Every structure is written in structure tokens, then in C-alpha cells.
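Two complexes are shown next, each including subunit A; its partner changes from subunit B in the first to subunit C in the second.
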Partner chain A sequence: MNRRKLYTAVFSMGVQHSMEYRVHFFLGLIGAMFPILVQYFIWTAVYQHSGQDALFSYSYGQIIMYTILAGLVSKLIATQFEHQIADDIKNGGLNKYLIKPISYFGYRLISFFGQKAIYYGITVMLLVGIIWFAASGGVLKVEAVRLVLFAITLWGALLLNFLIAYCICASAFYLHEISYFFVITSLLVNILSGGMFPLEIFGDSVVKALQYTPFPYTIYFPVNVLSGKTEVAAMYQGLLIQCGWIVLFFLLSRFAWHVSMKKYSAVGG
Partner chain B sequence: MRLYGLFIKNCLIAQMEFRGNFMMSLIVESVYLLAKLLYVLVVFRTDLHVDGIPPEGLLLFIGMHTVMTGIYVGVFFTNFMKIPEYIKDGSLDLMLTKPVSLQFMASLRYVDLALPIPDILVGFVMIGIGWHAMDIPLTFLQLAGFGLLLFIGVIITYCLMIIPALLSFWFVQTGSVSEIAHSVWDANNFPMAIYPAWVRRIGTFVIPLFLITNFGPMFLLGQLNWLYGGLALTASLVLFAVVRLLWNQAVKGYSSASS
Partner chain C sequence: MDFIRVRELHKTFVYYRKGAGLKNSLKNLFARKALVKEAVKSVSFDIGPGECVGFLGPNGAGKTTTLKMLSGILYPTSGEANVLGYVPWERKNEFKRLFSIVMGQKNQLWWDLPASESIYLNKCIYDVDDDVYRRSLAELSEMLEVEELLDVQVRRLSLGERMKMELIAALIHRPRLLYLDEPTIGLDFPSQKKVREFLKYYNEQFGATILLTSHYMKDVEDLCKRTIIINEGNLLYDGELHKINDLFNEQKIIRLHFSEPVAEQRLAKFGKIVSGDEYNVVLELPKHRLKEVSRAVLDSFPIVDWTIEDVPIEESISMLYRKESVG
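What follows is the complex of A and B.
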């Protein structure tokens, strides 16, 4: 089987896997709506009370936009394979990949993209609705260049988030009980990426410091590209930095797995 | 009651066996708490007033919600997650044969002593700060009223949050329903005054979610009259009776999956 055929099969497996639990997926979307709604009411109260046009440099419309988009994006880029990888490492499921002519990294990456393909489509449909609604309400100025860049950074965010999670997974070679660890890291990464609140609420110095980490480039940056908060020049610069982080984390994940794999003892199987 | 004491002791022994896990549970819940404290950060940084209540007063609401979350994850959460498993693998059969109330056994058997520690500690500190800042007198009446409303909150929490688990008697996969229940749960983090009237009405009279953590602080701030207090008490008792009935109905239909 040639490579292209192989990975197409893995991709379509991923797609099928995501369609296996359709009701679960849609209920998950409903579940994601509630925190957004709660935040909507909180921000409404905050802006009504303060009487100011902008808080943390966001206008009321912008902050609501941010809340909705960040909720959608963090749902889209969420990784759920950590437990499977940890399980593979702990119980020896990794063995079968080691002897097959397929790289584990490639398998996980393509299957992740496959699983996200349908989500991506649905998110795009929701986004079209939201953008149309926001544009007609005057909150958002639709610019073609921003839409294109947003689509690109969204894929970048997906890839970067995958790589970050994949690096974290390498720790499963060293830790025995790992499920707690993933809960902590995924929540922390989400907060630092701006998935809950715009990063500005932490203060300017924190925002500046976070610019030197990869996290804002998964949620905060793509959302602000679309919402128009990021300046045009900063957009291209951000895109470059995102690419830089992707390359860096790609190398880091290869290295971490290469080193850890030497420790792997292939128990069970 | 003695049996429940034994359960707690047993769980403590089991958890002490794996102290590393105990510490991890503590850390996990602390991280969740940290995420919740971000709301406090927003409240203070924007100097949010809701219905004339200053940020310090809002701490009463957030603190009460945090305490209640601690009680929920400590006393109920583990059990409610296990009920669908009991039904799926048929271990409910064994429980049916025990000379204890099945509902008690299935829904209160496990107590997690690590998870609630950060929530309850920080929650009470927040309530303390709010209590002090709002100049609420520390009288027996206030304490008793607050304690009673806290207790009512616990009962309502039990009744509402067990519903996803109960559904698993009829549907096998209910994970996403409890996920929704958990995300609705956090709507209580703030005074219900921030929601529009129709949400408040649904949350008070249809699904009495706001009764859980809104009434305690409202009582302290003098916003709650006795009529509503009585209503909360009645609602909790009625709700408990309904859940009891539902449980009996569900068990009647239980067909013992495997084993």
C-alpha cells in the first residue's frame, strides 16, 4: 500500500470515528453553549454597570464576539487523544504501530485531522452565521483578507494544539497515573490560550509575557484576527510566529518521543 | 447514619492508600478552582455592581457556589458517575440484595475527601470576606438561616444532579447529559439578578437551580423574605419525594444487564 492510500484510509477512519457518536457531538455543542451564555450575561451586566464604551480595550460587541468565537475555537481544537496515547504506552498498544510501516506520529496526526474534519465543517457553518449576524449588526467589518487569514490560522491553531498535546503525551512514558495530569494541563493551556476570557483581563504585562509562549496562537490570536482587533501588520507577524511555534513544537515532539521511546519496554500488547 | 460513618471511614482508608492520587485530586480541583477565580478577577477588575451589590458582596454568591461545588464533588459526584456503570455491568444486582435502601447505597456509597478541600476552604473564606465587607451582623439567626438554606441547597443539588444518572436506567449512554448538567451548574456562580427575568423564572420555578446557591446570600443581604424561604424548603422536600418516586419507578424497570 502506498503512503497516500494509507493515510487516506487513516483519515477516513478518523472521519468515521467522529461520526460514530453524533448525538454525543451535538449534545456536546449544546453543553458548550451554556458557559458562553453565562459569560454573555456576565459581560452584559459588567458593561451596563460600568457605562464605559470599552473595557480591557474591548467594546461590548467585541467582547461578546470574542466569547462566542473563543468558545467555538476551543471546542474545535480540543484534543481528546491524550488518554488513548497514554493507554497505548501503558498497556503496550504502541507495539503494533512500531512494527507496522506507519509512523505513530503520522497516524495520530492524520486521524486527528480526520476526526476534526466534520467539526471544522460545522464550525465553518456556524461561523458564517455568526459573521453574517455580527456584520449586519455593525459589530464586525467583514474583510476578505481577515477571513482568509483566519481560515489559515485556524488550521495552524489545530496543528499547534495537536503538537503541544503530543509533546505533553510523551510524559506518559515517565508517569504512571497520567489521567489527572491531562486534566490539569488541558485546562491550564485553555486558560493561557484565552479560551475562557480574553487575555487582557490578566493585565498588560501578562499579555506581553504570554506573547512569548505558544498558547495565545491557538485561540486568542485567530479569534482576534477575525474580530479585527489585531492590526494588519501584526496579523502577518503573528502568522509567522505561529508557523515558528509549529516548527519548534514539531521538532520538540520528535525529539521528546525519540528520547522517551528508548525507555519504552513494550509491556503487554 | 452509623453506616454512612463507616462508608466515610472506608473511603478515607482507601484514599490514604494511594496518597499520590489524593494529592493529584487536590491539585486538579485547585486548578478548576483557579479557573473559577478568574470570574472573581473580572468582577474586581471591572468593579461590577449587580443590583447595587458591590464586588465584595458578590463574593458571598461566588463563595457559596464554590462551597456547594465542593460538597457536590465530594459527596455526590463519584456516586452519580458510577450509577450508569452499575446498571451497565449489572453490579446493581448485588446491591439489590443488600439489607439497605438501594437508593442510599447506590447514590451515597462513596465519599471523596480530597476533591472538596480546596473548594470548601476557599469558598468559606470568600463568604467570610463578603460577610465582613457587607457589615452583616454575626447573629445566631443569620447563621441558622444561612445554614438551613445551605442544607436546602444540598438537597436540591442531590435531586437535580442525580437526574442524568437516573436516565441511564432507560438510556445506556448518558455521559453528554451529565456534561450539560455540569455546564448549567456553573450558571449559579453569580447572583441570578444578572439574568433576564425569564431565565430567573425558569431557574427558580421550573428547574430550581438558583435556589441552590442564590438564596443563602440573598437571605444574608436581606433580599429574601420568609415566604421565599418557606418556598425553598417546600420545593426541596417535594423534589426529594419526586426523585424518590422516580428512583422506585426506574428500579422497577431495571432488567439486570449482565453478570
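What follows is the complex of A and C.
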């Protein structure tokens, strides 16, 4: 069986799909800038009026860099397929995958990577620019090991976020109208992941508690690996924990889908 | 061995009913009464290799549910089925390679990409050899006259063109078994004809087994020697399409055309008046009275033209449905 060829085709269709609506594609890129801009103005105002050099242990330069990096990473790992999957479940589109010798999970994952490929490329180019700019401004100390680990954790974050979203999607088997549920969960996941602002804002105890959840390992952790906020030892530890969460959510999503699919086949789609 | 063997297949669904209005919506929010619908009740049949079988029944009869069980999308509540040596709902990959299902009302192609992309994806999914793929694609698209349209996004195609693409995508791996759920629904007559001719060719050329549901009698008449009719989940008839008429005491239809006006009620004693006005009347009567009535009518009315016909097949099938729901 030639699975490699199949998944190459799925990947390439994902890429083509993301480019099919060109205006939508570029608007998506521009859209990613707005939250970053809004936050830039808020933080600038906050730091000017506080009269302090550092808030929540972040200097002005660091917080702006965090905001930009977190905004980019959020955009990169955003899944956006929840509605498609919910629609497949509700309107029977899932049937066409059930009758073919292909795994829906594998298909969705590879198609997701395909749809993200161009975003990934553009994000990498932007990151190179930002890192160069921040380094020359003295906000960031570039270390090769951190760059490498950042690249690795970013892939981990992409995979982990996919798996979390895929688990949440299984709820579409049980809830009939789900669009608002997805809006809430994705917003909540984004905030808990540190996509809006650094988790320190919530206070030490919340940061500690969140360390035991998978969320910080999608945005907060990769960004801090790059920015140097995470200690060297904590970086490797964090990488291990991220891998742990990926394995756990992989198993959880397979289980949730296995159970739900049984129900789907029993009651019809 | 039989190709498809179905024994006492049974499927029940749980559903909820909601009365009209806000009050009932609120009531449903807190307490819903679960109702059970028996979509398929104890259906059994066998289909041999290469057969083309029409699967008829009114809306909601259980046709699609049966097809879904036979393709492994749904588990039955009880009963057995064996398709090509596999139990469909075990969903073995080896089984999935042997069949295809085309649903006229569901789209299986990628909406935003050209059909050729979806067809190529199917080639990869079913692991079709490059040469075989190229030949099949050329042959199928030529037969359906859509070579020019392969590179157009699916969303820009007309319904008929899309259906033809669906067929190509479903057949690119040369399945031995093809389920078709209303493949000609909503198509114009030339497209319907083309699709029918194509299916006939595929059935004959590759010896593929076809199970077809349709509400267009022409589809079934042209393609299928054998018909299975179900209603309300029960099997009503399994046999040749044209023998359905025999079930109804061999009724006959006489059409009469008069040269001058005739009062309709004068004909009532000869048989059931199906339709008519003062110049034209259609009578339905048992076959054994045919000779006697013909003679009497010819003698006593100013007839310019007359024909004797079988009851239309649609009519017989409707009678079959009614018979079931009444008794």
C-alpha cells in the first residue's frame, strides 16, 4: 500500500485549498495583525502610565515582543477545521470517509498541515525579520540552541493544538448546534495558552496551576523558549512535557472518536 | 456463493418530536420524549454477481438506510449481511476497496478544487496503478463527455456535470459492486439518459453488480431486470419489474376516443373510469372482461379510435405501496 503517495496528494490538496480563495488568504494574514496592533497600543499606554520599567517581570520591549510572537504563533497553530468536522458529522459528510480505505484522522491531520504550509512559510519569514530586529534592538539575545528548540516546540505546538481541537470536535457527535461552543472553547484555549498576553498576568498561582494543563505548551512555552524567559533546564523539561501531552491527547482523541463513531454508526448520520 | 446476502436486517432509530411553537420548544428543552422509528424491519434478499437490481420504495421506505448498512456506514440493530464475503459494518479496508457508493443528493468531491484533484485523490486512496488510472480516467470521461471539464472547480459545474464527475470518482478503482442512491435526481433528460447508458455499459463491460435506488421508473426499467420493493421497512416484492402487474389480477386499460360527445356515466357499468371527458375516456377493468366490454363499447358508442394497454408500471407500484399501508 502506498500511503506516502496518498498523503502527499492530501497535503498538496490542502495547500491548493488554502490558496483557492486568494483574497481570503491575504485577509487572513492581515487579520492576524490587528490584535497585535491593538495590544501594542494598550501595552504602550500601560507602561507609559505605570512609571515602572517592568510589569509582571516583563520589560516594555519584552512584552511587545511577546505580544507579536504570541500573535503570530496563535495564528499559525489556529485550526479552523472545527466547523468543517462538525458539518461532516451533522450532515453525513463523514460517510464518504467511512466507506473509503482511509483514516479520517490521518486525512484531517495531513490536510491541516497542507493548509498550514504557506502560513508556516510566511510566519518563518516574519519571525526571521522580528528576531533580527529585536536582536539588533537589544531586546533579544539570539542563541542557536534556543532557535532550534523553538522550531521543534513550534511543530509540537501545531500537533498538540490539532489534537486538542480534534478532541473538542468529537463533541459534535453529541451536540447538534455547535458553532458558538467552538467560538468559546477556542477563545478560552487561546487565553489559557498565553495567546493574548503572558500568563504571569493571572498571578503566580494560576501560572503554576496552568503548568499542569496542556495549554501553555501551545503558545506560552514556545515563545518563552525563544525569548529566553525559560531557563535552560526548564526548556528540556518543557519539551518532554509537551511530548507527553501530545501522546496523551493522541490517545484521548482516538478513544473519544472511537466511542463517538460507534454511536454515529448506531444512530445514523 | 451469493454476492450479497441479507438476512432479517433490522434497524431502529430513536428520535424526538417537537410540536410547533415556542411553548413546545421550551417543553422539549427540559423533557424530551424519545420515540422509536423502525426504518428497516426484517429485510432479506440475495443478489448474485453481475446482477443489476432496482431498489424501489416511496420516500422514507428504508432504502437509503439499507444501502448505508450494506456499505458499512451504519450498524444494524439486528440481522446479518454478507457482502462479497465481508460483514460490511466491520469496515475492513479490503472490503472498502471492492465497492463504491454514489449518492445523488450528497457531494463527495472537494467543492473548491477541480474534479480531477478529487479523482486523483481517490486514485491514491485506492492505490490504483498509474497506467490503469490514466486509461480509466480517459475512458470514463470520454464516455460521459466531460473531458473538457475535469480541470474546472466542482462548485462551477452544473448538477449534471457534477454527477458525472461523481461517477468517475466512484469508478476510478473499478469497484466490483456499486451502490447508487438516486443517481439521476434533479438531472435533465439528456443527462439522465447519458448516466443510464453509462451505468449499463459499466455493468455489462466489467460485470459489476449494481444496486440502484431511483424514483424515475425509466432508470429501473432500462437498467434492472430485477426489482426489490420495500415500504415502511418491509420487503413487498422481489422479482422482475414487469411481473408486478400480475399481482393485481391482471387489470387492463382501455382508451376510447369518440366522434361526438358521450355522457361519462354511461360507461361506468363497463369498468372503473380512470379519467375522461365527453370525447375521451380511460377505463380500467379486469382482463377476463376485456372481450365482452370491447364488443359492447364498440357496438354502442361512436368510436373513432381505441387502444388496449397494460396498467402503467408506476400505477402498479403505487397500488403495491397502498396495499401495504392499508393492510
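Worth pointing out:
As a convention for this text, the second predicted complex is superposed on the first by the 263 of 269 C-alpha atoms of A that agree within 3 Å, B and C clash if a C-alpha of one lies under 4 Å from a C-alpha of the other, contacts with A are read in each partner's own complex, and residues count from 1 in each chain.
To be clear about the criterion, a contact is a pair of C-beta atoms (placed from the backbone, for glycine too) under 8 Å apart; a residue touches a chain by one contact, two chains touch by 3 or more.
Here the structure is a predicted model, which means the values were calculated and not measured.
Judged by the touch definition given at the top, the superposed model places A:K208 against neither subunit B nor subunit C.
With both structures placed on the common chain, the touch criterion links A:K141 to neither subunit B nor subunit C. Of the two partner chains placed around the shared chain by superposition, subunit C is the only one that A:K96 touches, whereas subunit B remains out of contact.
Applying the stated contact rule after C-alpha superposition, one finds that A:R22 touches neither subunit B nor subunit C.
Considering their complex, residues 13-14, 65, 68, 71-75, 89, 91, 93, 96-97, 99-101, 106, 108, 110, 112-113, 117, 120-122, 124-127, 153 of subunit C touch subunit A.
By the touch criterion stated above, subunit B contacts subunit A in their complex at residues 20-21, 24-25, 27-28, 31-32, 34-35, 38-39, 41-42, 45-50, 173, 175-177, 179-180, 182-184, 186-187, 189-190, 194-196, 199.
Subunit A meets subunit C in the complex at residues 1-2, 5-6, 8-10, 13, 16-17, 20-21, 92-93, 95-96, 98-102, 262, 265-269.
The touching residues of subunit A, counted against subunit B in their complex, run 23-24, 27-28, 30-32, 34-35, 37-38, 41-42, 44-46, 49-50, 55-56, 177, 180-181, 183-184, 187-188, 191, 196-197, 201-202.
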